[in-house]
Amino acid sequence: MDELRLTEMLDKVRDGSLSTDEALAELRRLPFEDIGYAKVDHHRAIRVGYPEVIFCQGKTKEQIAGIVDRLMGASRVIMGTRCDEGQYAYVASRHEGVVYHKEARIFVAKGCLPRAHEGSILVVSAGTSDIPIAEEAAITCEVMGNATERLYDVGVAGIHRLLAYTGKLAEANVIIVVAGMEGALASVVGGLVDKPVIAVPTSVGYGANFGGLSALLTMLNSCASGVGVVNIDNGFGAGYLASTINRRMA
Amino acid sequence: MDELRLTEMLDKVRDGSLSTDEALAELRRLPFEDIGYAKVDHHRAIRVGYPEVIFCQGKTKEQIAGIVDRLMGASRVIMGTRCDEGQYAYVASRHEGVVYHKEARIFVAKGCLPRAHEGSILVVSAGTSDIPIAEEAAITCEVMGNATERLYDVGVAGIHRLLAYTGKLAEANVIIVVAGMEGALASVVGGLVDKPVIAVPTSVGYGANFGGLSALLTMLNSCASGVGVVNIDNGFGAGYLASTINRRMA
Amino acid sequence: MDELRLTEMLDKVRDGSLSTDEALAELRRLPFEDIGYAKVDHHRAIRVGYPEVIFCQGKTKEQIAGIVDRLMGASRVIMGTRCDEGQYAYVASRHEGVVYHKEARIFVAKGCLPRAHEGSILVVSAGTSDIPIAEEAAITCEVMGNATERLYDVGVAGIHRLLAYTGKLAEANVIIVVAGMEGALASVVGGLVDKPVIAVPTSVGYGANFGGLSALLTMLNSCASGVGVVNIDNGFGAGYLASTINRRMA
Amino acid sequence: MDELRLTEMLDKVRDGSLSTDEALAELRRLPFEDIGYAKVDHHRAIRVGYPEVIFCQGKTKEQIAGIVDRLMGASRVIMGTRCDEGQYAYVASRHEGVVYHKEARIFVAKGCLPRAHEGSILVVSAGTSDIPIAEEAAITCEVMGNATERLYDVGVAGIHRLLAYTGKLAEANVIIVVAGMEGALASVVGGLVDKPVIAVPTSVGYGANFGGLSALLTMLNSCASGVGVVNIDNGFGAGYLASTINRRMA
Amino acid sequence: MDELRLTEMLDKVRDGSLSTDEALAELRRLPFEDIGYAKVDHHRAIRVGYPEVIFCQGKTKEQIAGIVDRLMGASRVIMGTRCDEGQYAYVASRHEGVVYHKEARIFVAKGCLPRAHEGSILVVSAGTSDIPIAEEAAITCEVMGNATERLYDVGVAGIHRLLAYTGKLAEANVIIVVAGMEGALASVVGGLVDKPVIAVPTSVGYGANFGGLSALLTMLNSCASGVGVVNIDNGFGAGYLASTINRRMA
Amino acid sequence: MDELRLTEMLDKVRDGSLSTDEALAELRRLPFEDIGYAKVDHHRAIRVGYPEVIFCQGKTKEQIAGIVDRLMGASRVIMGTRCDEGQYAYVASRHEGVVYHKEARIFVAKGCLPRAHEGSILVVSAGTSDIPIAEEAAITCEVMGNATERLYDVGVAGIHRLLAYTGKLAEANVIIVVAGMEGALASVVGGLVDKPVIAVPTSVGYGANFGGLSALLTMLNSCASGVGVVNIDNGFGAGYLASTINRRMA
Amino acid sequence: MDELRLTEMLDKVRDGSLSTDEALAELRRLPFEDIGYAKVDHHRAIRVGYPEVIFCQGKTKEQIAGIVDRLMGASRVIMGTRCDEGQYAYVASRHEGVVYHKEARIFVAKGCLPRAHEGSILVVSAGTSDIPIAEEAAITCEVMGNATERLYDVGVAGIHRLLAYTGKLAEANVIIVVAGMEGALASVVGGLVDKPVIAVPTSVGYGANFGGLSALLTMLNSCASGVGVVNIDNGFGAGYLASTINRRMA
Amino acid sequence: MDELRLTEMLDKVRDGSLSTDEALAELRRLPFEDIGYAKVDHHRAIRVGYPEVIFCQGKTKEQIAGIVDRLMGASRVIMGTRCDEGQYAYVASRHEGVVYHKEARIFVAKGCLPRAHEGSILVVSAGTSDIPIAEEAAITCEVMGNATERLYDVGVAGIHRLLAYTGKLAEANVIIVVAGMEGALASVVGGLVDKPVIAVPTSVGYGANFGGLSALLTMLNSCASGVGVVNIDNGFGAGYLASTINRRMA
């Protein structure tokens, strides 16, 4: 249900061709048509301005495909995160044109948002093992219509590698820093720039890493200001937050 | 050392009146003139675009005043956070025009940044006890040149209080959510808007609150996308991050 | 041993046909006939007013079936929780009429309690992934003789979905809230109603969720009063507690 | 604003003497008249059926008295929890008839709810040091109109003390169990009765007690069904929850 | 090397047929003949009065058999704990007379200590799932020459089951309490008797059990005096400690 | 109420001068005469064979003195732990002959148990700062009638200091090991002897000591068998447990 | 790029055959030639004086082989840690002369550093299960050109085993202590010697070991001075740190 | 007792003027003359090559002075750490020539070790608030005879400040890194040098810093090799470890 249909309905209320109660009932029914296991939220694109995103982990392939079915008519853009290859294959067998980003574990079932402007988001990662989460962030940014750059494997234990790219850091509107053992990277990047930095701790590491807790605490305690943190391994959340920032910038 | 002096020096390098080595040496010396207990970073305003901020907690009043002395010549704006009344009184006795925001525990020793545009930051807090941290965030936003709105005491246990203000939520460019026991507020606000939300967990509460850990985990696990989290009680960090976002927006 | 037999025995004590010592010995022997690996508690239905419940996880299928055998004669109602399909199949192969609720992982081997009155328990869940635990709670309520309603997928990140159902919230005697990442739902529901709310944190989520700890702490710190919390993923416990409340209400 | 006034207003809407918009505006304004530091929620008594409760800890005595002032006209019952003697003295100096329960740290500024019926709540505590929290629960129950019994110092290390009072356990509608080191008491009581048990862990103890975490985990892991847990030291929350249960019972 | 051989050697030192240096060298060599991956400690039986125990978990079957080989000549009693069936089968294929206690996961490769006296150790367990750990404790006691009694499935949620066996509690010299979810059992037993109680927390449970941490903290915070705690799931350690106590008693 | 009076009462039951109901009522009343804030447990000495112990921390001096009053007639031995000097002074001002052990923070209000035999308990401590807890253990042992030895300041960082005293270790029936930073001492002692070792972790230390958690975990993970652990800083508990062991030994 | 080539390039800068910009560009390009998934750091051997080490865990075998390919020309020594047998087999199938140390899970693809002097590193381990981590440390030391000794299975529960080898402790320049349950070993060794001790906690153990946390905390709280700790199971890190110490010693 | 006296005594044993038993007895008595509350360890300087260090925190001023008294005759160097001004004043009033380092909270009661060579230890700190711990490390190094350099306030949020001092990093034999919020500094320094780095996490910070846990975990997870970690705030331990390394280097 797009904005046009919403306006039409409200006009009918005004001219009396639809009672308040009928309008209310319709509005209540429309936002989340009940499909048994999940209330699909057609209003979401209107309400928060972005496409519906399906968190695939822990859902059956049939549930995922069912949600895609319902969304097809209403949403401009549909994507799924934490999607394994089996889940993707099933969705692709029922819908044409589904694209799968394997490293990011994301599928895109319908379109991407048009690019608003050329201002870019830069995704920086510390180590090779952080790349899957970094890609989840980067693909999310791209699907949501942002020019997106990548700068990988520039951890602080070899600080000169990062410093060789200060130009890249200077050009971006928003920077996403993805780091596991080296949660320290967020502090260093945050100290080099005067722009929003979104930090994603990853669960990469071993020993007293405690599933990413170490990097999470480091990032929260960053002595550089201007750093916001999302949950451990939440590349999508970082990409989404960076998008809400970037698309409003000139 | 302001931008003018930096340009002059580089021009001298170009026309040969200053050797590369001399220029290098001067640059290295200037950024942080050593005053014994802290390297004051005159370059910071140039490098990251913002005023110097002094974290007062754990510093003696003499150390704070000493840092203010050195910064006076170089920075346009000087502020101190986590500043108690005794520290403020000492600084005020040595410098004219120092302003103290008691609830926010912030002093401003010199100027505020000019307002870039009318786009605003909205600071939302859950309970009465969260107000000191909310004020730390709000004053930081104001000092850094942002139009700033406040919406306090709208916790989720009385959700209709928040919903009565959806208009305010819609008008802001960036929203800061400050909540202790009710870390839940960040999720609810994040689900209502399509703009950047900065969440500040506070240590307000008791029992299994564990000094703010409860609210921190809730916010990191927010099922609303577009939420970035700063450290427990870090109102300044939230204000700073919100400022880096807002001042780039139209 | 039902109440009738107990009364008969005590009468015999009164008229002298059974000595106190004999009565005592019989009472001590009866409550938990020893079957080697578990003391089956025939008195339980009398003592706490409810059927015997077998926690299947960690027991062999033979142990479960053995406990069912012994309970058959004594209990009106027998159910098993955390029961996987293999365990169920084995029990069903030895007893007629065993019913399996797959999503809730519960089997019912004998009867349900009769419905006391029409006052109902409402089970509310935040996300699709919380449904198995929500079903464990709902089936438990039904087996224990309660009118039971369900309201699923109404997490706080889309608060309007919950608010569309305030009528349902108003009608129930007791509300069970099941939520993982969104532990926040318990606070919101607790603030909307003036009736007992039982909160079940689930281990659904990732990152700094720490196996449900995040939702658990949120619920314990709920700023809405009138919320009691059970263990992570303990849908059965919530259903049982809600039943003890509902069946006493008019 | 009591129910009578609400009904009158809605009648005016029906007969046209008040427009929908005017009614809406009034409703929105009424619920929480802004007094600067806290939004007083006059609607609360209507909405959730209970009096306003002020959590005093962390508020200045002036803030507490200010909230009492505003509530005086609207609420039938006003109480404050976690109130120290200084806060109480200030409130009592400005309002007549304020009663202080020292051990429970509760003041009652206006009335108590009338007793609905004779069904009672029993408050059980494990040790002498748990009594302040137990009293917070008991006074809350009394203010909210419940017949309330106390059974203190019956910890599980002397299980015969508890067993001597099984009659008391049998008579109550709801049981609140308050225990620190001996979190075990909730399991034992829960196993003896077939009625709702509300467990309150306390921070009493030392060593690996970790501020009440030990008792909290014990209670959450109770192998007795029918036990709901509130936050550490949250006697008020337990009393409130018990009240929502008891007042609906016959 | 038994005590006889040790005495003989020292006598030779006294009469000069062995130099101090030679004796020293032999003593140093004997205690732990190096077999590459583990220093077998032949002196242990002499030094601490008990047989050698092999912790099998994490060792290859070849390593276990190798250690058994070396111990065969020197020790009176050899046992292995945390031994799976594959490890047992391999050891049994190389040595005659090896006995396997499947539920306890213990093998005994050579003899048992003779029973010192009739004073007994009682092993009490809370739930059916705690039995493997309880058996590890009980078999350890038996191998080490103690009369051993068992009392299983007497958790505190049905306190009358335990109270029916106070006679058994009164007869034992030492009591081992094994409990998971119901760590509370140790407090209750400790309050009923005036003898040493060894508490073993188990990792049985789910949710906020955290791998046995819940039961461990409960037991450490037991308000009954006279309770010593061993590590989570450490049935062997409890049996060993109980043995050191019991065998000295009359 | 001593054993004599108990026997007399039961004799009256047998000869009919007291009905069963009267006897039952008296028995129920006697064990814990209600004094308002604590149920004094006169039966305790009979039931568990030891004197009543008052945990003074968190009790007012009036409460402590009140409990002492009631116990005076019934108990042979009365002691208080965690007693500060102010509490002691108040008790001493109301009762003659109260003895205070300042370092152990224990007062003894009435007698000590007679010494059963010459077998001794040895209290070993790692560092100077652990002495108060070690003394709490040692005084407890002495009050409870045990020959008690002390061996202090023999931490593992200077292992030769401990090894110089292996004779002392060999002579004791039971060994209590008190250690903070150096929780390791329990493992070393446990490896040197074949007798019960009771380990007391202390909260002495700093940094990642976490209030004694470090020493607690070390002791629980001790690779020496025969070690039981009590709560952090619980010197009394260790002394009590050691006493239950020692007094049964020849 | 070895030191020779670096010197040649700088000489060209001095004599003008290479412009500063060209030199700068080449230097920037050289250090980490981009191979898509990892920036190979040819400068590392020059910059920090040691060979490149590949952390294999979490990398595909193709990624590992690709990194080896690139390093072949530039580095004198190439090794991989946490390498399973499948990864090794793939690398060995593409390069000649690759050596695999199975227990240490290390492969060496090219050379070892020459031995600087005869001063040695001693690797001490507590239990048989700690050997894989101890071997990771020892092989690392050997590859990096150190004389390396091993002393395994000398845990503190049998302290005489360690004390028999004080000569070995005295001979080494640096000592690495590897211990799981027995984190205590580091304190004991540290108290016996006056040389650097590197402690490696391992995740060996069970129960309240919490994945090595217990040993980690013990080692950090060691009361022996002169002990530095590396991450849980980080044998490589300990070997590397010991090497940086040993190769500078005479 | 210095080495001379030890040699004399052993010579007497060789020539028969002292029996082995007498020598043994004397040796056992000498190492730690008992002064009631602490065993003073005169052998320590011989055994581990360094002066005796008194950890003053938690000791009375009389205890400290008493230990100094006993050590005066035997040790070349005596120092006390964690010494507050009151403790120092008392010691200084009883001994001449005691020097107090206020910021480091260290007193030196007798001499310093002579400087072995000019190779130096560099102490690096991140923030102004870390200086007390950094000074504890630096003074320890100086007392133990090391050339010691300081480089303070070079945290990673302003990485250029650190990079301006790479020369200093290159000159030192060993580097101590002291950092609280900015635990990241250890990784950055470790990546810049090929020498031993000792990392000291400090408890400086707030929020999710958890008393230094955040910095501790960051340092343990450092992706730079060659970093050893000591306990939170343990500046002395770092200085001591660095000394054992430096004094052996050429």
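Should a chain be cited, it is by its letter among A, B, C, D, E, F, G and H, assigned in written order, with residues numbered from 1 in that chain.
The working rule: contacts are C-beta pairs under 8 Å (C-beta built on N, C-alpha and C of every residue); 3 or more make two chains touch, one makes a residue touch a chain.
Computed from a predicted model, the values in this text were never measured in an experiment.
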{"item": "Given chain E and chain F, the chains that contact each of them", "value": "D, G"}
{"item": "Chain whose Cα centroid lies at the greatest distance from that of chain D", "value": "G"}
{"item": "Inter-centroid spacing, chain H versus chain A (mean Cα positions, whole Å)", "value": "50"}
{"item": "Rounded Å distance, chain A centre to chain F centre (Cα mean)", "value": "60"}
{"item": "Multi-chain contact residues (two or more partners), chain G", "value": "158, 191-192, 207-210, 213, 216, 220-222, 231-232"}
{"item": "Which pairs of chains touch, using the document's own definition", "value": "A-B, A-C, A-G, A-H, B-C, B-D, B-H, C-D, C-E, D-E, D-F, E-F, E-G, F-G, F-H, G-H"}
{"item": "Contacting residues of chain D [partner chain C, same complex]", "value": "47-50, 53, 173, 191-196, 198, 216, 220-221, 225-232, 236-237, 240-241, 244-245, 248-250"}
{"item": "Touching residues on chain A, where the partner in the complex is chain H", "value": "126-127, 155-159, 163, 181-184, 187-188, 190-192, 205, 207-210, 213-215, 217-218, 220-224"}
{"item": "For the chain A and chain G complex, residues of the former touching the latter", "value": "128-129, 131, 152-154, 158, 160-161, 164, 204, 206-210"}
{"item": "Chain E-touching residues of chain C, taken from the complex the two chains share", "value": "28, 31-32, 37-39, 41, 43-44, 47, 57-59, 63, 201, 203, 211-213, 216, 231-234"}
